[in-house]
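Two complexes come next, and they have one chain in common, chain A, joined by chain B in the first and chain C in the second.
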Partner chain A sequence: MSANRWQLLGFILLAAVVAAPVLVDSKFILHMVTLIFFYVAMTSAWNIPVFGGKMSLGHAAFFGIGGYTGAILYVKFGVSPWIGLVAGVAMSLLGGVIMTLPLLRLRGPFFTLASIAFAEVLRMIAIDWRSLTNGSVGLNIPFKPGWANLTFQSGLPFYFISLILAAAVVFVSYRLRHSALGFHLRASASNDEAAQALGVDTRRAHFIGLLWSSGLTGLIGVFYVFFIYVVEPNTMFSIPLFSLQPALNGIIGGIGTIWGPVIGAVIMTPLGEYLRFYLGTIQQGLNFVVYGVVLIVTVNFIPGGIVSLLARLKPSKGSNGPGSPSGAKEVR
Partner chain B sequence: MELIFQVLVSGLLIGGVYALISVGLNLIFGVVRIINFAHGEVLMLAMYATFWLNKFFGMDPYLSALLVLPAMFFFGVLVQRVIVQPIQEASSNMQIFATVALSLILQNLALIFWKGDFRTIQTSYAMSTLEVMNIIISVPRLVAFLVALVSILSLFSFLKHTFVGKALRAIVEDNTVARLMGIKVERLYLLAFGLGAAFTALGGILLIPFSSVYPTVGVPFTLIAFIVVVLGGLGSMSGTFMAGLFIGVVETFGGTYVSPALKEALYFGIFILVLLVRPQGLFGKGKGTEEIGLK
Partner chain C sequence: MALLQVKNLTKRFGGLTAVKQVSFDIQPGEIVGLIGPNGAGKTTLFNLISGILNPEDGEIILDGRPIKQLSPARRSLAGLGRTFQIVRPFTMTVLENVMVPLLARDPHMGKAREEGMQVLTLLRLDHLADAQPDSLTLAYRKRIEVARALATRPKLLMLDEVLAGLNPTEISENLPIIRQVHERGVTIFIIEHLMDALMAVSQRVLVMDQGVLIANGSPQEVTSNECVIKAYLGEETPTC
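The block that comes next holds the complex of A and B.
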């Protein structure tokens, strides 16, 4: 099959995923597709600092900050979720600043390590600060349907919200990657010293990239809490769920590219849910073993992810294609 | 006043075990140059092995070291050969994914085979204590500290005085030159990983008389070991030792005077502070920090 046909196939598949809930009247499919969009958004947001080679495994921190802010304001103080969205983004940006400033001097594995520690500390605080967060029990969003409360009888509104969210984050990440900031980040990833020698303020670029990423992740967190009606520390700040999962989606699809995270999330979310429901009921934990094996195989055999496999099929056209296959290799 | 000494002593005792585990990590890290996110899982496996040997054969935890340590040495060698070696030249992000995946697999295999229960070994000496100048010292904790101390000292002298030890240090200093001098680097990687795993396993064996084992028991230890290694300076064994004691003391003081739940927040704070003020570590020579991204 030629390259154009692959692209066409990709679009048809994407269109099918988008249209599925409208065509088939099934609550299960609607829920699944909504979840896919949430993960597309989350993975794309996580992926922005990866343009510059900064791989965080603590993005659950921003997700949790956003979610908790929205939920606490709504449940404890009766503040509208729509204001909660703004506040959630502001708080996760603040979290982004607090995490990023000291961590900027760290490269590669130490950045990753410190980001994990950051999310863990927030989880501890969320468990410990009972008066505000209700401890490990968490807070429930009361079921009062209506757009004002961001709570709905049907699943359709959240399907549209998540679709718009996913499209918006992918668009932002596309724009960022092709902006001056994106080039600075990619320059820093391939050779930081050289980029600095050419006058690029790479620290500033990493900082801004991480702020975009943390703000968007916080926004997704607020919506997600109203989607599942509950906020609870061991879910919101869960390393496997909201830190590792976007990273896993990213690497399967192809980190540091635009379409890699999308492809990864579209494939891995249904697979993950399937594994969790079917393997998880047979044997708790088996799904994570499968994840681990998939990761190791990917790292060893297709470090550039699925995007790099697709890119092999087409003649090189520069940056017009769906992300450059070299992305993952350059990222250090 | 007595409480302060009591807390200080408890901190130093547990710090010795932290130092042992971190020395294992530093050895792997210094020689093989890989960030092993599955480090705590080695500890977890060793603790389970000791637990089951005790459960089925009634073997004393300390005695089981004779079986568990060689087994974990080979486990370390296996990990290096099967998981790490194929990605030795890959980018550090890929290496992170591989060891994170390994940790995910091991944790969940433990969950599958042994369930999430907290398991403890009952021994006759678990509760025995000594009293020195009004300070109460738990015997298994004292044993843990002393064994850790002796093991670390023997590792020092091994690295300093034997040919293989010198070769290992040469690799830490300069990998390429070591290779050019005819050192079989790949083979020594296997040795370093095996030794690192064995030291960590010993930490697990020393812990089990006074702590329980469960599938995610290793997670905080991975974090602690990294903080200790960074604090002590990459590649500096004596620095690691001092930093281990330091973190042990900080932990017990924080747990006593602040809040046991916020211990991790305390480590993280120290971690960040050190990275800001002295990224080469408190005792480190700063060697290799450039390459691994600590500058």
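The block that comes next holds the complex of A and C.
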């Protein structure tokens, strides 16, 4: 085992986050921690194709497709949110296929840029298709508490749902990275031509990686809608919130690794909320300036993210741990 | 029946014909060398056979099966292994590097790890299984390249200058490995600039010059061939 020390550190941090709402009786903290878990899940799901060097900024699309599917089925057709979860995943997988097939020909930044357009098109559709989506007003989830309706009086159920969701997505991401698919993605990110010459169908690997990612993101989207009681195009298909934020968390934590997205989300979510509250009131958009500075500093001075700093602390040589600093090198 | 048949293979880059009407066969069990001056088209020929480049004309038949339409990955699965002149190790451990091709054939992790170790042992790399290739010498990285190609269980292994850039000691360490791989029943097609080394291992040598195959025979025949001598030493008015 490598990287024991920082893994321990991570666990302590995680334990604190898990215990916080039980120890501190505060609605604000409960909401914050739930949000952190959502972002851990989202960032980890976003990070799966990044094993193969594919950085998408179109993930708001999958998030929105999932959320809208769940909400429309429930609000318009009275379908149980639990069935909505399955439908949301199915629809976002379909979205994944539609986005991925034409985009797989594109490499590096071109893939990333084209993926933004995909999310933006869906946002426009959600605004204009009024009969189904109720346009830019959106749909409200009626407040009928109960597990059957995935709606609750207290914040605790969603706290645990988001915790389980985060743990599940991190687990899936870990299993994928250490599977044949993970090896093929990492090989492709390192040198695509060499991987192909060894018999790896790299396009197929990228495709499957993106499908896992889009399906999981859609699932998170459905849960999220029932967490905030509303779907609305500018939120659900928001590129800053659900495309850029996961990418930012990932880059700052350490892209292409297992724990980088977790660490990135745990640090950046409260920081982002804090900045939005305090700096946003001074001058709108000032919080993004701070974000920008943090991002520039990270990319320039610690391109492997926080995980690579932690990995440097550990005494053992050989950086084969899930948080290997090479993870970031692979995706440059 | 020949393991590899190349017929009238032609590749043009704009006005330059890099490979011109090249035809040859490789029989199962052979070690065939490919030599020629810089820019003769040797690596281009390898890239055409392995599918990284598409030829304008010609046919490539592996084990009786035309492979010209297949992707590089499919050709690898069909039994065509290759190394790259400029080594391209993946940023993962040496063992994981070798596991990549194994996992492309069978996604079972445990089996891939086990078979990967066997390949590393064969190439005497087992003590470096957990090392990062970037931290190793060129000689080791070239050997990893061979290990990885060997893990594809190729019928035909194409080696592109696996000895170039190594010092004499390293060459004497890596050379027997090529023979050892051959003894395990792998047919080998090898590009090498180091004549002594190539002549020592090859049973047959092909010579290319300016995209054309100018000689094909035993090392003795080839080295006494007038065209070959001219290609290497030059002549004011080439007649070949």
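Convention: the second predicted complex is superposed on the first by the 317 of 332 C-alpha atoms of A that agree within 3 Å, B and C clash if a C-alpha of one lies under 4 Å from a C-alpha of the other, contacts with A are read in each partner's own complex, and residues count from 1 in each chain.
Basically, a contact is a pair of C-beta atoms (placed from the backbone, for glycine too) under 8 Å apart; a residue touches a chain by one contact, two chains touch by 3 or more.
If you're wondering where the values come from, they're calculated on a predicted model, not measured in any experiment.
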Check whether A:Tyr291 is in contact with chain B, with chain C, with both or with neither, and answer first, second, both or neither. first
After superposition on the shared chain, which partner residues are touched by A:Asp201: those of chain B (first), chain C (second), both, or neither? second
Tell me the contact category for A:Ala87 with respect to chain B and chain C: first, second, both or neither. neither
What's your read, chain B or chain C touching more residues of chain A? B
For A:Phe183, select first, second, both or neither according to whether it touches chain B, chain C, the two together, or no partner. second
Quick check for you: in the superposed arrangement, does A:Asn191 touch first (chain B), second (chain C), both or neither? second
Looking at A:Leu139, would you say it contacts chain B, chain C, both, or neither? Reply first, second, both or neither. neither
With the two complexes superposed on chain A, say which partner A:Ala45 touches: chain B (first), chain C (second), both, or neither. neither
Show me the chain A residues, by the header's touch rule, that chain B contacts in one structure and chain C contacts in the other. 329
Touching residues (chain side chain B, partner chain A) in the complex: 35, 37, 83, 86-87, 90-98, 100-102, 104-105, 107-109, 111-112, 215, 223, 226-227, 230, 259, 261-262, 264-265, 267-268, 271-272, 275-276, 279, 292-295
Note which residues of chain A are touching chain B in the complex, please. 50, 53, 55, 57, 102-103, 105-114, 116-118, 120-121, 124-125, 127-128, 240, 244, 247, 251, 255, 283-286, 288-289, 291-293, 295-296, 298-300, 303, 328-329, 331-332
Which residues of chain C touch chain A in the complex? 50, 52, 71-73, 76-77, 82, 84, 88-93, 96, 99-101, 103-105, 107, 109, 112, 130-132, 148-149, 151-152
Can you check the complex and tell me which residues of chain A touch chain C? 178-181, 183-184, 186-187, 190-191, 193-202, 318-320, 326, 329-330
